[in-house]
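Paired with subunit B in one complex and with subunit C in the other, subunit A is shared by the two complexes that follow.
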Partner chain A sequence: MTTTPILPKLVGQRVKRREDPRLIQGRATYVDDVTLPGMQHLFFKRSDIAHGRIRRIDASAAQAMEGVEAVFTGAEIAELLGPMPIGTPYSSPAHRAVAVDVVRYVGDPVAVVVARDRYVARDAADAIVVDYEPLPAVVDPELAMKGQPTVIHPEFPNNLAVALVPSGTGVDAAGKVDDSAIDKAFAAAEVVISQRMVNQRLAPCAIEPRGVVAHYELGKGSMTIWSSTQNPHILRTFIAALNGLGQDQVRAIAPEVGGGFGSKINIYAEDYVASAISKRLGVPVKWIEDRSEAFVATTHGRDILGYVDLAAKRDGTVLGLKLRLIADVGAYNMLLTAAIPTLTLLMANATYRIPAVRATLTEVFTNKTPTDAYRGAGRPEATYFVERAMDMLAQELKMDPADVRRRNFIQPHEFPFTTQTGAVYDSGDYEKALNTALEAAGWDRLKAERDAARAQGRLVGLGLSMYVEVCGLGPSSSLPTGGWEHGQVTIERDGRISATTGASPHGQGNETTFAQMLADQFGVPIEHVTIHHGDTAVVKQGVGTFGSRSQAVGGTALHMAGGKVKTKMARFAAALLEAHEADLVFENGRIAVKGAPASAKSFAEVAAFAYVPVPLPEGLEPGLSEEAFFEPANNTYPFGCHISMIEIDRDTGEPTLLKLVAVDDAGNLINPLIVEGQIHGGLAQGIGQALVEEVVYGEDGQLLTGSFMDYALPRATDFPRFELHGCVTPTPVNPLGAKGVGEAGTLGSTPCVVAAAVDALSGFGVRHIDLMLRPEKLWRIIHGGQA
Partner chain B sequence: MSDATRRTIAFTLNGRRVTADVKTHETILEVLQRDFGLFGARESCGQGLCGCCTLLVDGTAVSGCLYLAAFAAGAELVTVEGLARGDELHPIQRAFVEKSGFQCGFCTPGFILMTAELLSRHPRPTNEEIRHYLSGNLCRCAAYPDIIEAVKRAAELQADRT
Partner chain C sequence: MIPTPFDYARATSLDDAVAKLKASGGRAKLIAGGHSLVPLMKFRLSEPAALIDIARIPGLSGIREQEGRIHIGAGTVHHDVASSALLRDKCPVVADTAAQIGDPQVRHRGTLGGSLAHADPAADYPAVVLALDADIHLKGPKGWRVVKASDFFKDLFTVDMEADEIIVSVQFAPVRAAAYAKLHQRASRYAIVGVAAALDVSGGRVESARVGLTGAGSHATRLTAVEQALAGQPLTPAAIGAAAERAGAGLTHVNADIHASEDYRRAMVPVFTRRALEGALRRATASTAGRQRSGPSSSGTRWR
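Now for the complex of A and B:
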């Protein structure tokens, strides 16, 4: 592996984003802006009941409407498309893009209208009559596990999507379980903390809804598909496969994408249906999700129930952890549905040296929208369960929450550290992160402030949370899509640099960070570098943007490709300058001989020579374009510490966040400005989970939070300015030393805000409050009712 | 030919007199996109709850997703595309870039136009006024702290300009 250090020039600087000018002027092109001649519009008729058998669909009135091109029922779509593929090794019920005989959640598509415009399409969908035989619905996963009151997929008894995955101490590769170590740990315990905890269901709510334009060109036999996706290459793979086309016959384009947060990893029913209908009818078709549709049709996140038992000695030393997880995955398996909760298993050790861990996972079908990745994806859940348990331990032992953690940290010299659940943490210094946060927040001063406020009768509390997460996904052994990333760097004839990356951004600013890296690598101005992404016709190969992997994996691929071109360019330069390659330096737009600055050629001159090489240096091909696939040997494990202070209004139960301090260690940073933006966003979503966000279903499976009226997103008014601090522990996993930061903010923030609320209400004898912290719940605690 | 479902309306769009043939049920957002190729105001919720579709009508920020096109007759409309003068960004745009008040940028035009209304009414806004004006705009990338900084910076830049 190459370990050439990157020169500290633009890398590490707060370079303004190159994406900004087009975004700030409304000049960016999103999928909804794509209009093609003859384009038709799709509208999906969706189930308005949670579970039922389709007796009959009458689409005759819809078909007869002026402007309606066609109506397809589930059975008709099933003739065009096989079941939707999944990307995990778990067995899965056949999932039809449009339901054929049974609907299994509110929002399950039952028919598709193709029409001249979206008004006609919607009116026609309203005119379709579906006659259902209602079936009982189940929304409580613990009931569903008993097969009560219904079984959603007959081939999955008791609704067990994944019956039981054991992990941790004494579990061998074949899944055989030896409980002696964990039993011993609990037998030796002087104190045991036990708590059932809910990590609630959330809606990702990317502010740009999903959308797709599919155009199958009859004469060419090829398809172009624009989709608001995080991973155009994976989209291409699956769209081609389900339409019976080759990879070479499908071009997938992710235009500007307005946020994803994990929800745009999936290849959705609408993507498949649009492509199949375009192919069938030979016309371009468009579908744009509306917001209420997004609440049912786009995957949800989280929704894991945890039964946590923590065994410890009275000095705070943790002896063992049992974590029994029940994930409510909704009605079907989507691309990564089954895999997301396994990340909770993987991260059960958190930042601690826990000698014995027994974690088990059961995944359960219910009559709800399927879950899948949402920012953090499995890791916030693990953090939440373990950190809340550590707080309860501290409370039980009357220890400072910082001290109980400090006593159990994995120490810096122990890395790489293999956890009881099989993660290999790359590098870390958890105590440093904790100390940095305590100092930055002024922990002791805050405690005094809290106590003073309490003395006046105010309900003020402090919370602290550590976190470690798994990022930089790969390697390929852990991702059926491949865990690598691809980069290509071309020095053009005029000396400018074009680069392509498979890491397809949607707000992460990769056009800037990658250009910073390449500008430094070649010693040229950043203005001379263009980063292309998001179009499989331009970007040869790619995996995509998720799992905080763009910089760590995608950035490294580009750095490697850049290294290859640089080596070749040096050979051309050496020929021109009659010098040794090893004596050349690339800087200030020139390639010069070390120690003889007068002997130099401009970058453009060498580039021009490489394309008209007369004479061609021996052993070289003309041109300057190289590519690289980077396959990481391991994941990266960023970590940090979040601290919050909140106040709860005694009369209304309304919580107010007074302070949030975050210390995040993501290894080396390319652009702190962009990193801070990512952390801000993650923190707001994590705090949103604690304070305002929750997807709620009625017992009949009706979604009660189907618009921005009922599902709250954090607003500008909700938070104080976050105080961000960093520390830097580079990863050895890639030559950049970068770990990834896109999801970090969601990890520590949720538990630290809950901890602060519990602390604020400690006078009322509470030790845990389930998510989310509704004012009503807090008011009941204050006023003596049931939480 | 008279058709009760259509009208031709005239209005001022980013400083130019224009006309449009609109259906009575169409929103101004649809007309801006379809007839004028302006995509800066865009739909996210379609229910007046997010602010992504904000434009200025006679100086007041409105939700374009709910504002019927027919109501725009005779009015003066400004969209985010109408703020820059050639290559020179509007001070509010400059402030948003300077303070990095966005990530994916989908919500940003709405925040910028809401800021324009705010600053036209409160050239030196208090924190409370800023928060009040921005409370109807959602940003899922949650660039809020930087957005608030950007609004303050925009107020300074505008004060310098006048």
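Now for the complex of A and C:
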């Protein structure tokens, strides 16, 4: 009889991240650690003006420098590469990887140097002379919409990247608009809140900037590309397409990736150019982005202007919402640029039963770095606009911000709930999240503390925000890449488990969470499970990691593949044990007949038999490896409530965050420790958006926040201890019941911090403060007369 | 983020550094911690043909007391200043200021001499050396030279130094009743406005005061109107408040950028002057009541 205790179940446990020791000890391989014999280095000469016509490029001096292999201008790159692909259904201007005749933002590449090392390449770039005819810079999106001061892409009049997308009540599938319901809602309103709101532009600032190594092997006629990407399979698709290769001829590898926050979904000019130059010259080439480049060459996020009108009754019941969105998308459409603000449209209903919603979206080109996904990607913007309006309604009606929300929640029995803008919320209990947060924060006590502080002349405020976001992206109908994920589980000959996932983690901890799941599924120690990812030669298929989808979609695919292998393994074990499959138990790394533990065969024994099956059980093929594609029927809709308390220095306007309470409901949790880490990171970035982060351009289109000397990121010392609380409403969309949590922290935190600041300054008659909360801005509100 | 090519030499002694500097004929720059110079080189805003590394010259770093004055070697890194027991005891304002520079990495590399020689308009140290009426000891081919802090800062990134001179040390009489208060620029952590105040106190009165301002203008300056207003005044919050009101009134050029407009900076000068003076007052009171724990001065910026 074995006395071994049964292995504890790991799902739901705070298992420490298995990937961390190598990451924090400098033992991980990032793109810049990849070095190949004969490798050449690229440096991109970039435009230092926002808008201009290239009259002439003289690269002769650069070409003559010792160690310079070649210089390619935009026209020469255009001979190697077609325009870069776009992943959205919107028509887009042809976007050359290197500008051919016009530069359209500071940082737009104009030439590429290939040299023996990055130092020579950098020096040679300075020797390239570009003669520009400057054109007026288009910086203000609302002027840009009128074609002022000029038009960036002639085929897009008035700089309208997407002229107008209507959504919501009275808009049919063909886009035909009937205003009667929304007009009726506003006609019946006893109070209307109207506000223009800015959700400012942010720089994603992953700790590892981008980088690429491309190696076209002339002998094999195939390409290997290492890139700091969130989705190596999508990278492979497009690198193959633009280089005239089959997908079988390209191997894409995402080695260790030091964060992405959505900015590494896009396949960038540098990826395409590196691959094309390697193919052209027959040598491996490397490009590593430096931090200054990252500020101009990696996509930005947010930058949506919202005109919000909220119609309500005086008891706080919301009757209607109009949301007119203007997204400043920068100079070009990148892979998902045009689609990101449509998520703001989709989520306009927020957590409320708003009976009439009219949301419209216009996307505008400006002479700035293009935008694309950034943690939250469209949903923080929707949350911000609606939650700020709810606060203004509460303020107008002198209601508690919690009460005005409570009056309008979608109720638990109404799920699945189809919103006015077409989202189908899977499950939710918003009032529970609100009540949990109010209780955890001690809302009434905090109000008393605030009032006591105010009585002493201190400027203290409280803010609250609900959120719901769309995660677990998403059915294939909503994603041109396909909305599934792939997983494969193999029981190796020694009984250990190898699994591959098409999700490509870059900080999410899936090597741990997926191993927890499989260890439980098979009843083996987690040390016997290895998760492989990020290499298209190892991972057969995949979509990638974005939209908080890894666990909900990728985790489910692995769970399904694991189930298939387990079934097959049981058949081999049944043959070995001369038992019926249904009578077997998987436990402690062994398979036994129920009630007869002495009979147990180890995983190694069953695997050995499966790979050398003598005799082969009837109806079975040898081996233990199965795969699965999981196609979710719907997205998931995690939700929560964030509460903050802030104090503003009366003399200086400096805000201090005193308290942050977050209740996040992401469905079932695989690993609460990792979930909390994800929420901490999301909160940090959401609070960062509220308090310190902002990309600023000058009127001439020059980037004024081009380094960490001017672009602030929040620091640990800027935060109080985050108080996290759970609330679990499983999703019916996948068998794990998991919704996704990667982005959640960014949603509620920004509006609740702004709400707290507005509350703190309410004595000065302020109803709304635009992001971000610069001390000077707050000081001007306090010292209006003196300012 | 790659500088233009440059030659590099390590100086073995002060004389060696001076000789190398002179020999370079103005082509070389000194490097110690490199935390002002290297970023400029990476952006190619500074392209020196050669660097002379003075970081390992024996005796160039260290903090000691000699004949009632504090000597801080120019090569002393901010972290060592911030954690100096001698300074914490005798002249805590210097340690407090060093502790507010940049971040831990910067504080372990950046040096006092480098900060002063670079004279960034928003650097912290210049305000403090002004308030302490420090002497800046330089060595050049012609020998030693001593410049008063109040004569040292001339203009934007411009100080009273010849191209072949090296800052060797900063020397001052320690003042316990002194404090530094700073409005941080939230990205760089430089001072939008930084004020250092030092009080000479006798019999419950301010005998004399010195107040140094950084961040507001092209270079650090003394706030003489505040100093004059305080002289002879009782050691009270009211007197301090009244004097602080005068801060910055006569400033002609005030900086403006995306972080702070001219108006805002002007308004912050009296605020941080008052805070620095309040910090100095607290220390003056604590000194008379017996030495107390010398924590960081109140900068008034609670969330930093």
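Everything that follows uses one rule, which is that the second predicted complex is superposed on the first by the 776 of 787 C-alpha atoms of A that agree within 3 Å, B and C clash if a C-alpha of one lies under 4 Å from a C-alpha of the other, contacts with A are read in each partner's own complex, and residues count from 1 in each chain.
Quick note on the criterion: a contact is a pair of C-beta atoms (placed from the backbone, for glycine too) under 8 Å apart; a residue touches a chain by one contact, two chains touch by 3 or more.
Here the structure is a predicted model, which means the values were calculated and not measured.
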item	value
First, second, both or neither for A:709, with subunit B first and subunit C second	both
Partner contacting more residues of subunit A (subunit B vs subunit C)	B
First, second, both or neither for A:717, with subunit B first and subunit C second	both
Partner chain in contact with A:119 - subunit B first, subunit C second, else both or neither	both
Which of subunit B and subunit C A:29 touches, first, second, both or neither	first
Contacts of A:509 with subunit B and subunit C, given as first, second, both or neither	first
Which of subunit B and subunit C A:677 touches, first, second, both or neither	first
Subunit B versus subunit C as contact partner of A:207, first or second or both or neither	first
Contacts of A:291 with subunit B and subunit C, given as first, second, both or neither	both
Contacts on subunit A seen with subunit B and repeated with subunit C across the two complexes	119, 290-292, 707-709, 713, 717-718
Residues of subunit A defined as touching subunit B within the complex	16-17, 19-21, 23-30, 32-33, 119, 205-209, 256-259, 261, 290-292, 506-509, 673, 676-678, 680-681, 683-685, 688, 707-709, 713-719, 721-722
Touch list for subunit A against partner subunit C, complex	118-119, 122-123, 126, 290-292, 647, 649, 651-652, 654-657, 692, 696, 704-705, 707-713, 717-718, 774-776, 779-780, 783, 786-787
Touching residues on subunit B, where the partner in the complex is subunit A	25, 33, 38-47, 49-50, 52, 79-81, 83-84, 89, 93, 96-98, 100, 102-109, 112, 130-132, 134-135, 137-148
Parts of subunit C lying in touch with subunit A, wherever the complex brings them together	1-2, 4-5, 39, 43-44, 183, 186-188, 258-261, 263-264, 267-268, 271, 300-304
